[in-house]
């Protein structure tokens, strides 16, 4: 979160900084015109110069460079165009406004330039008045500090008051000092690194221990200290990595769960072998896409919130389709449950092709809203991405919704009565056709919510659902048909086991092993995790 | 109360019921009797709306049920105890009873306690799966479930099957009491003569898909029995 | 006592019973999730005897049959057939091959097979895969089928799928299947349920004719019926034996009257 | 017979429809264009479109049907290598002609196939060389990440051999495969980050196929892997694939192809214009969001070259056309005049490396001076290094070690 | 013996059988080989191959019907056994052309590709046809036997069984996808040259394979007839309807299920072995779960629980697919989709039910036909 906000702040500050420059009040900045250089080496050199000597305002120019707003205009001047907030173009050589220029030919910015810009901005930002910006800058510089930065970093450290920033700067100094020939400085550096608990520094220690032509590294005290520090950091790294696996597992599990919940209703509760379940996911995803597109067209300002608006739609579209399908097709098959396989397979083919003809065979783009982009780096080496965190929360919400509908209203009771004995249920006054219709629609709608979640982690194309159907059936059956809780436990269990195996086996073998485990597990519990026991079970 | 007119029913090609006429007055308690396979269950199912009719008409409380679906019939006050109990096997006893409440007109949400007074064993078994109960317990549950929907007309298909003797008497007493005191109309399929005699005010005899004899219970004599209840 | 090998093709002849007792139920207990359906129950059934088991609903009668036929495994205790065959070690189908046949409380027949076929499957013969594959319709089979259909009064329906029978007819068919199986021990769970008075008479005669050659265990709630057939009666209550003896004896046992028969 | 039938064998349903549908569309567009110019040899070209439905044996069946029942003069089709392998025996048996428009792993050179996509040396190796160059960031450590099938496997094998030859140690190479349709890249991306934390400049070479790319890039973006730090260069991700992704967080990641839609030259402008018009006229789904990409360009080149060869040969006879295709030249949308190699049935193509721009297009950051010749037999694989593909006298073979005649 | 055979089915059924056999064994070869090309009645080579492929699918459908239609075990993994048979045949075909591959190596090309220096152990022996044949006949059946033994012993039933068979085939697919497993990865085995010395490119070989498939189908059909018409067939139906009741009659359902299950897998393997030389490729996508589901679709469409139904279904679905993917490449899925939906709704007993309309046959899972009209009333 911190990082996220600090990035936001950086952007805000930069935008603020651009404003005066754009108004043409900026002083003449020598070297800025190098930013239009045709040769990348020159360009990078210009950027580096800015980084070494630049003022906060220059950071804004560098950002503009990345946004393709710096370039040569028709008259060969090196010009910076105004950003979104408006203003006038500025001639970088003279610092004067050049009205009327609205197009420039930007230099070729590639990763090399981008990296240089990033470093330069960080270096400039070390002097920023906002501690958050300074911290972000310091962290940025941590990734590959060089000897040449030592002086400026130490200078910054001397001035620094904020303890977090201080710690970060000290780590940079330590990283640089690790390479110093003086064993004492090395030892001190190792101490700082060890205390920082930052597992990303493991490689620095490794390099130190592996270094051959470094006399300072041969010092036994240094070696011992480095080894101790290394093993303590490595222990931490293992813990972090296990925690990571757990998170990944829960996250994968919650995706599995969301994609299976609808099936747990249509198949688990109603007994429809619903091969069109995947297509309900797909419809939910396309509904989300449509909402996004409408927002882009009609409410461009609120586009970040399209996802919230999509929740009811992604539920409603499959809900209605499900309702129609139930009324037109499924309902004739309740006495021949096996044949629902055939019909729903047909439905699935038809839905896929319909969507393909309407939207094209290619994937459509669904964007993560900015508040779901990126992630929270809880410790170094473990980033919890916002989209996946959101999915976990959303899954909990949908599970609750299902639980509530099925256990706190009579719907669940009636559905189960209908599936267990349709005729008797009728004779007890249950409107079986209504229950069938609502339940199937509900299952489809829930699947649609799964589709909404999928848009945030995967692709949206006509075949989207096909990739989930096997897993969904497996989850529902593994948990025990007709047991919602089984589906929950089954999905999370599969997710966690899968992710626990993946680091050791790789994704392919891991998946094979998981399937094998499922097969073996069912041998032990032939009715799934939460089996119906007792006389009625066979 | 209930009038069945010229009801015919067939499974595919083979006709089972032939122009059955049957009339029940409010407060009647009728025993329907007949050999195996003469169509008693078929008649009750048709009455309940679980089988399509070939022809005929069913009137209940002035309402034409003929075109009405089963749940509406239940909600209009017909309680049904199916043959073979048809408990929901994977639902607990309590849930089974709550299903019975669905058909109530007063929207009551809790199982009325008189059912547990009637069948104390159900109280002990509330959390047990319906399918796990013993046969007799299931039968009691089925009757309890039908009573839960507060019917005006109860139709029971051999409800004493598999029930222990003292409870049979108990059930007979209760049904008679409901019949007498609350005016519950009862249509009861029964094979066992003693029970039929004890319970029924009138009888209807079925043979080969037709009602062949009816009258007050006292009129059920050996001749009729020999003629229609023996092979 | 040593159990004969549980070899799949063990024959009922292997069962020895010179003491006159064919079935021992020894200290059997069963519990389902903590509910004790049977508690330390012991029972002997004499060979050739017509033994009735009665008791309140839920007393554990059906569970007892489940134990004998291997459908349910006891938590403790065992069941011995003859003197040497521990049934509780065998699987359901092995027990059936040892000559223990059963009619269920809720009639279960093969709905998609005709009555003829239902009976054919029940017919006593080698029930291994290979013999079944090459089985021919023997004269013995045909005669037995005809005879049984006659007995159960369903000859007219013989070519119809069993699923189309009425409840009572299915009961009869299941009895017929039991007859075809010609088991040493017949276990009948409420055979009289849903029968007309006349049919009751028929089955009384039928069961009586079986007794002697076969051992018959009947569970029933119809006291008339029990009185008509029972040579020995065991009353179960809450998973234990409440009383045992001949009909007259148990009928007048006050505890039996209280929990079961009623005034 | 007043038409020349040509077969179009691309999956329009099933998993590959996502990629192949556009190739069918562009093929029809090209044929329309040729017909508008008067057709070939005075006849109209009649496309016969079939749908092999992403089912490999069905590819073979449909190929056979096209060649024997419809008697097509040529077939344009296939995307995956397995589909090509599946139809290959059919084309060889019936002496048909197939134009294959997709980059592939090489190790093949059939008499009956013309390969208009890139061989590994026209795509993979230049891309890695670029990443190792100063401009590309001087990568020292490599993650070879792919979908578990033959194209990634072979490409990575070649790349590993290549990297060895550049002095990269095995410890600096991480090879990871995922199943088809894999959609959860959390662990892998996190492992890449760990691998990259070793202090050396790391890059990822992705041969992830099709649908898996979206989840991969989404995860990449969300776990904060920036192109400046860990660039990902992909060989199967083009404009079409990027359409499904929000590219703003991916700016700077790379792809290596022989063509990008963003290339600026008159041929490309004309090509894109034609495509836009075609999409509009036929009301194709996707509308003005439809893009062009490398395999589409390769399809376009293939059909045009075939048409030129037919004109030159004056017949659609396979043997004559094959002969005429040798050295056939075409001014391609990539801005170069590409040539069909006189010997190995592969196209000489320029290699272009692009970085993803925020608008989903690629910024060309590097390209070869001109088209380079394909090496279907990789010199980095010992057994294949000995092989020559040369369908001219005296070799007359696609895979032999000495001349046949 | 002969009488027994004759008694297997009704006279009409025999007539149909003979007519079909005549079509396959006489008419098709004559139209293909004797009638000159270009003539209206000429059966082109590709049609022969197509029909040969369909014959293999028909065997597959027959096999699934035996376990699903008659015994009530819905396998969603049958394509696995088919593919295994196919792989065994493919391995033989690869070995039979050792030295003629792209690399002129003794090893199959993909191994050269992957730098393998020698054949892995599980490829040994495949240079002999008899060995491959043994593997085809034994290995898939053995796998089915072992898998079935554990599954049936644990009394896994219904959807649980379906899903673990699906998991099995899915796992196998992933395994075969891996290049390291040693079966050619995603590309599988392809580019075969000759079978038992006959060039696979020769029309005569193809016709031979077609006839072979026809013969095998006919034999399997009669075998299935024999099995289902026997008492064992009735036990199977009984197992489907009331498994526990079967046990109390003294039958061990495990053995019966295992028997048909293994037999069925065996048939699939043979079908796979015949299929591979005709289509020229075998790869892991044959094991994809969707393929197994499709087999079930053929069976359901044709008419489950009959023997002719699945054959009809296999031909109808694949024929429709073949025609419409060419005639209406954009719309064929709608056609197929409509066929499936309409057939389910209006032909509860499958296509065969349509042909034999009027004649009664009891329907399983509870009463069937009555369902549709009755709900509508409500």
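Every chain is named by a letter (A, B, C, D and E) in the order it is written, and numbering of its residues begins at 1.
The rule is short, and it goes like this: contacts are C-beta pairs under 8 Å (C-beta built on N, C-alpha and C of every residue); 3 or more make two chains touch, one makes a residue touch a chain.
On a predicted model such as this, the values are computed, not experimentally measured, just so you know.
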{"item": "Most remote chain, CA-based centroid, reference being chain C", "value": "D"}
{"item": "Most central chain, judged by mean C-alpha position against the global CA mean", "value": "E"}
{"item": "Centre-to-centre distance between chain D and chain B (centres being mean Cα positions), rounded to whole Å", "value": "74"}
{"item": "Distance from chain E to chain D - Cα centre to Cα centre, in angstrom", "value": "36"}
{"item": "Centre-to-centre distance between chain E and chain C (centres being mean Cα positions), rounded to whole Å", "value": "44"}
{"item": "Approximate Å spacing (C-alpha centroids) for the pair chain A, chain D", "value": "30"}
{"item": "Shared-contact residues (touching 2 or more other chains) in chain C", "value": "32, 164"}
{"item": "Where chain B touches two or more other chains at once, by residue number", "value": "11, 69-71, 132"}
{"item": "Multi-partner residues of chain A (each touching 2 or more other chains)", "value": "352-353, 357, 432, 466, 508, 511, 533-534"}
{"item": "Chain D-facing residues of chain E, complex", "value": "44-46, 49-50, 53, 102-105, 109-110, 112-115, 174, 177-179, 185-188, 190-192, 200-201, 279-281, 283, 285-286, 321-322, 325-326, 329-330, 332-333"}
{"item": "Contact set on chain A toward chain B in their complex", "value": "410, 413-414, 416-417, 420-421, 423-432, 482, 532-537"}
{"item": "List of chain C residues in touch with chain E within their complex", "value": "8, 69, 71, 91-94, 96-97, 101-102, 104, 108-113, 117, 120-122, 127-129, 132-135, 161, 163-164, 177, 181"}
{"item": "Chain B-facing residues of chain C, complex", "value": "32, 35, 55-59, 61-63, 105-106, 153, 164-169, 171-172, 189-190, 193-199, 202, 221-224, 259-263"}
{"item": "Complex contacts: residues of chain A adjacent to chain E", "value": "273, 275, 329, 331-343, 345-350, 352-354, 357, 432-433, 466, 470, 473-474, 477-478, 481, 508-509, 511-512, 515-516, 518-519, 522-524, 526-528, 538"}
